Amino acid sequence: MQAPAQTSGSGLRLAIVLGLVALAAIVPILLPSWATLITLVAAKGVVVLGVIILLQAGQVSFGHAMYFAVGAYAVAFWGRHMGPGDLILYLLLGSAAATLFGAVIGLFVVRYREIFFGMLNLAFSMVLWSLLEKLYHYTNGADGIRVVRPTIAGIAFQPETFQYALLYVTLVIAVVASYVAQRYLDSPLGHMLRAIKSNETRLEYLGVSARRVLLIGYVLSAFLCGLGGALVAVAQQIATPEFGYWTKSGEFVFIAILGGSSSALGAFAGSAVFEIVRFYAAAKLANTWQLILGVVLIAIIMFAPNGLVGILNRNRRNAEARR
Amino acid sequence: MSAPLLQARGLEIRFGGVVAADGVDLDVIEGENLAIIGPNGAGKTTFLNISTGYLKPLAGTVTFLGQDITRLPPRAITRLGIARAFQIPQLFLEQTVMENMMIAAAARSGETSGWRRLLDRPEREEMLRLLDSVGVAAFAERRAHELPEGQRKLVDIALALALKPRLLLMDEPTSGVASSEKMGVMDILVAALAREKVSSVFVEHDMDMVERYAHRVAVWSSGRIQTVGPPAQVLGDPEVRQRVIGI
Amino acid sequence: MKGALRPALGAAALALALTAAPAFAQDKPAQIKIGITTFLSGPASVFGVPGKAAAEMIAEDINKKGGIGGVPVALTFVDEGAGGEALVSNYRRMVQDEKVDATFAAISSGSCTQLVPIAEDLKVMNFMWDCGAASILEARKHRYNFRTQANATPEMLAVLVYLLKTKPDFKTIAVVNQDYAWGRESWEIFSTALKAMKPDVKVVAELFPKFGAPDFSTEISRLMALKPDVVLTTSWGGDLDTLVRQAGQRGLLQQTTFVLGIGESSMQRLGADLPEGLIVGARGDHWFLHPERKNDAAFKAFNDAFKAKTGAWPIYPVYHMYQAFSALQASYDKAIKANGGKWPTREQVIDAAGGTEFQTWGRPVTLRADDNQGLEAQIVGVTKSAPGYDFKVLDNMMVFDAKPITTPGGQKSIEWLKTLTPDFAKMNVPTFKHGQ
Amino acid sequence: MDSTIFILALLDGVSYAALVFLVSVGLSLIFSVLRIVNVAHGSLYAYGAYVAATLSLAVAPISPWLTFPALLVASVAVGVVVGGVMERFLLRPVYGREDVLQLLITFAVFMIMDNLQRLIWGVQPIFASTPLKLLPNVSVLGVSYTSYQVILLPAVALLTVLGLRYFLRHTLAGAVILAVTEDREAATAIGVDARRVFLVTFMIGASLAALGGALASPTTSLVPGMGADMIVLSFAVAATAGLGQIEGAAVTALMIGIARAFVIYLQPEFEVLVPYLIMVLVLLIRPMGLFGVDKVRKI
């Protein structure tokens, strides 16, 4: 998502990414409980990637948790009515359902911009959330639906090994999703999407339908949210209406800004910091975890406008300048 | 005289109580550079807005190559071959100049790939040449917001030219360009228009420019076209001089 | 991809080094580690915070007395209110990294639904210490999960039987429950049983206001216009307080018989705003003036200590927490005995837990071997003013034995409830006056 | 549907709408001037309620009638102190940056305030109903209502509408605020101190949210998380009305309040859906809201 003028260190970046993926893959072998945590970090990173795509167009959705929930519930409903399935099937289901949903709602919301875009997404997500809570007989209400552990590519794993298998699948998906998102943003459609942010009028005057461009970006982001939702549902073995509540949507935007909305790396860096802070705080600082996250976010916005990745880049540039 | 490229008939539009156009008829002829002059706030830019579909007139029609385009949105009109350059440059400020140009190139070819890289497209050389021809090739890898106003203006025109239009509508093409460079820029621009066989309409306040580069001049005042004709004739008319130019 | 992992890795390694104990199963360990999930944020912290205070108090007391089998207990808490991701991650961390010997999870049925399968996966003993959804243990057989208290079925059934015994002639009923799983499930149980035992009663309104709703004015207006003989609510926390106060202010509580399914936990807070004559359930035989226990010095000491620590008398989650510890103690004692006095393995403790009977601050509870469901007695009473208390107390209390009102092992609650007959309400239950 | 239900639902709807209106009009006012959607608005509502309850519990022993001024004092105090600190130290540094950052600052404040609230007032429900009990009940068609809810609350809401109208249309300070709303650059150019206008507007908006909370406090239990729901609801009202529309917010609050009451009488299952469905439908048909005005960008 960076202009070529600034990607001179792309080899270095690749090395960093590979190093971090390797780290994410190895750490849980030493610390078993981190397998699920890192799975959740990577899966939510995929969701945040979807939110970041829309941020490229300057549009903030305060309702994207709805696609996250759709992905999760698609998996949960399958498990409930059709019995346990395969992870690959689950992921296809979750992302397909979210994509479909995104395409339908997208047709309405891409006519709107900025605050109206955000509000309409919020409104749709609140309708979905109310329905998940209300349709108790189908959704189990607030308790949510259990997601039965799937096989992976036909192999039935034991609980101990399953969490590793899921972790590695999720890491692969995260890497592939990042690459796909990056390719998309480097493509004509991606550049047109970014053009919506700075000058939609000009885009129309180049003969491009901004709505169409935005719709494609919107559907792609819904797809990523659904995929992440399906992964989180499998990792947590449950789907609850909380997945679709507005604070969840806010959390995704929060993570995107925290990490830095200008790169795929930001989605995962933000997700890692957010989840790890919350993970430790829920255990050690139960009384103040929201306080801590809130202060961290304000500090990032005030002092590091490009998020965690921005800090990283700045340090690197400074280091290069000194050399 | 060949058939008009663009034909406006009976255009009417008002904003609140202000009448900007009240029965405007105007033709643009293939191959010409038509200048529109008139007092400030007379509605000259409004004509560009209507011709490109940004505003819908209360009455009247605009036809382009024989097709009624009055109710079409800007993007459809652009695809028919009318491009526009703006008084305030309209660029994609966060992207590089080359990316700006390549978006235009992709738009021209109707490209909708979400996979192939924009900058790997074959038009790169062509776009660089185009930037070179308006004198901003040196800025190709800079982000648009880093450019000085004058250079942005040129990129804005280059973006329009990148579409290979039949007709280019320009709103004060050299405002913002340093006065010492205005003539040079216009020379290049007019040469490019001739080379690419692009007709043009430009709204202008600088009468030297009009005199030097326009084939014909239309005087817009009080919501109407008062006169149309060759620059020498129109600018020589004392009434025009008094009402429009204020001399 | 995860830039922040590197420093975090160091922190985690440190945490591991500090907390990991050598895992030699048969040696007597340095401590028995217990991981407890409870609400420390969000509306359900009205239960979670007292629950945590109780756990700390009880653990301190156990350790003062030499621990369980001579081994002290150590507690770790996780906030259920921090969201599903944090809950699951932390649960796994407690079990896999801190290697806790047992977990007490959880308060909300949603958390239980989420954590029970994980406990099975991780082969760790889990006591569902407070969650009430009947379906969790009825869906399939568990080895590692036990419920150390009753579930929604006996809790609702006791309240219904009490109502039928004390007000046998009512013709119409309305319900105002929170719109989430507990509110829905408790009404499903109550209404199914009511239909079986007294089919002529008409349900005139089923209202499920939003969980956490700040205002019930419209619901109250509607009920005042409908004038049902009985209004049931199984709401709790701030929702129940608001409902009772708003209804009281407008005279609805005086106009109709109100049944507060789990109102015991709100009585102290509501103070003088709670009128006399409301039927109140307690999610078990929990009452700090339990008629069968109130002269027990240890019981009184426990209640006084809790009051001194927190400023309030214990409510049901406090007693539920005690039950979890009591069940743990009983299971370990039984396992040690079975192992010839040697320290048992985790699996041996699990084997011992099934069928265990343990003491509580009410009647003893049994972990039914068929399905690991706790068999717990129930108290239901009616509110009454009493000298010496600035809030209403329970009067005309009935203490229901667990067995007759609990779904038999291997059956689904709703199916079983449908088989009940009007005679069911004629069961013999002792009644106690306040102070008797 | 008989006429009894109609009248009862109307009364319930009006008293509900009064509170929702107060909160959403504050949100709307802040948006119209600062172009910020204040996610922490619900927290200001909660703080208004908590401070009002604390204050009324403190003054009630002196004289129960002091609780009424206590509600007012609490809301102004919260609005000025919390709102002022928020605008001056957290929002002002990010003016001119991307909108999403301003929104996220308020989101972070929401998290912090939610947490602090728990640390200050604990998790047990708090109730301070003295003002509610002082005023008599009134009986309508055999159903008893508190006059606090069916008379006082709507009266305060109505006074607020009239007061805001008068303030904005007939006072200099109001004119200045309106000028900044219309065209910030032009207003600054003629010497308006936009920063002061922002600060004052934010304080007024925050006070209105706190007033909503303070007035709600006698009728409801104060619990952790009470702000989170209020923000979405007031947001729905403000958006449906069109952001920045004062009378519009009043009409929309009434519409949503009464629709909700009718739904509870007739089809209670759909109660929660009402405001969001209305919001979706309205925004799909009129993106600028029922009373909003469309603006064309100048190119």
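In order of appearance the chains are A, B, C and D, and numbering begins at 1 in each one.
We take it that a residue touches a chain if its C-beta (ideal position, glycine included) is under 8 Å from a C-beta of that chain, and two chains touch if they have at least 3 such contacts.
Note that the structure is predicted; figures quoted are calculated from it, not measured.
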Study note, to complete from the structure: Label-sorted list of chains bordering both chain B and chain D is A
Point to revise | Chain located farthest away, centre of chain C as origin (C-alpha) | key: B
Study note, to complete from the structure: Chain centre (avg CA) closest to assembly CA average -> A
Check your understanding: Hey, how far is the Cα centre of chain A from the one of chain B, in Å?
Key -> 43
Check your understanding: At what distance in angstrom does the C-alpha mean of chain D lie from that of chain A?
Key -> 32
Point to revise | chain C-chain D separation of Cα centroids, rounded to whole Å | key: 37
Point to revise | Touching two or more other chains - residues of chain B | key: 86, 90
Revision key, fill the gap. Going by residue number, chain C touches two or more other chains at 40-41, 179
Review point. Which parts of chain A, given as residue numbers and ranges, touch two or more other chains?
Key: 133-134, 201, 287, 289-290
Check your understanding: Residues of chain A touching chain B in their complex?
Key -> 3-5, 183-184, 186-192, 194-195, 197-199, 201-209, 216, 220
Revision key, fill the gap. Note: in the complex, chain B contacts chain A through residues 52, 73-76, 78-79, 83-84, 86, 90-96, 99, 102-104, 106-108, 111-119, 121, 141-144, 159-160, 163
Check your understanding: Contact residues on chain D for chain A in the complex?
Key -> 31, 37, 39, 90, 93-94, 97-101, 103-105, 107-112, 114-116, 118-119, 228, 232, 235-236, 239, 243, 269-270, 272-273, 276-277, 279-280, 283-284, 287-288, 297, 299
Check your understanding: Which of the residues in chain C come into contact with chain A in the complex?
Key -> 1-6, 8-9, 11-13, 16, 40-41, 76-79, 82-90, 92-97, 108-110, 113-114, 117-118, 120-122, 133, 179-181, 184, 211
**Study point:** chain D contact footprint on chain C (complex, rising order)
**Key:** 40-43, 45-46, 48-49, 179, 205-210, 212, 214-215, 217-219, 221-222, 224-225, 237-239, 241-242, 245-246, 249-251, 269, 273
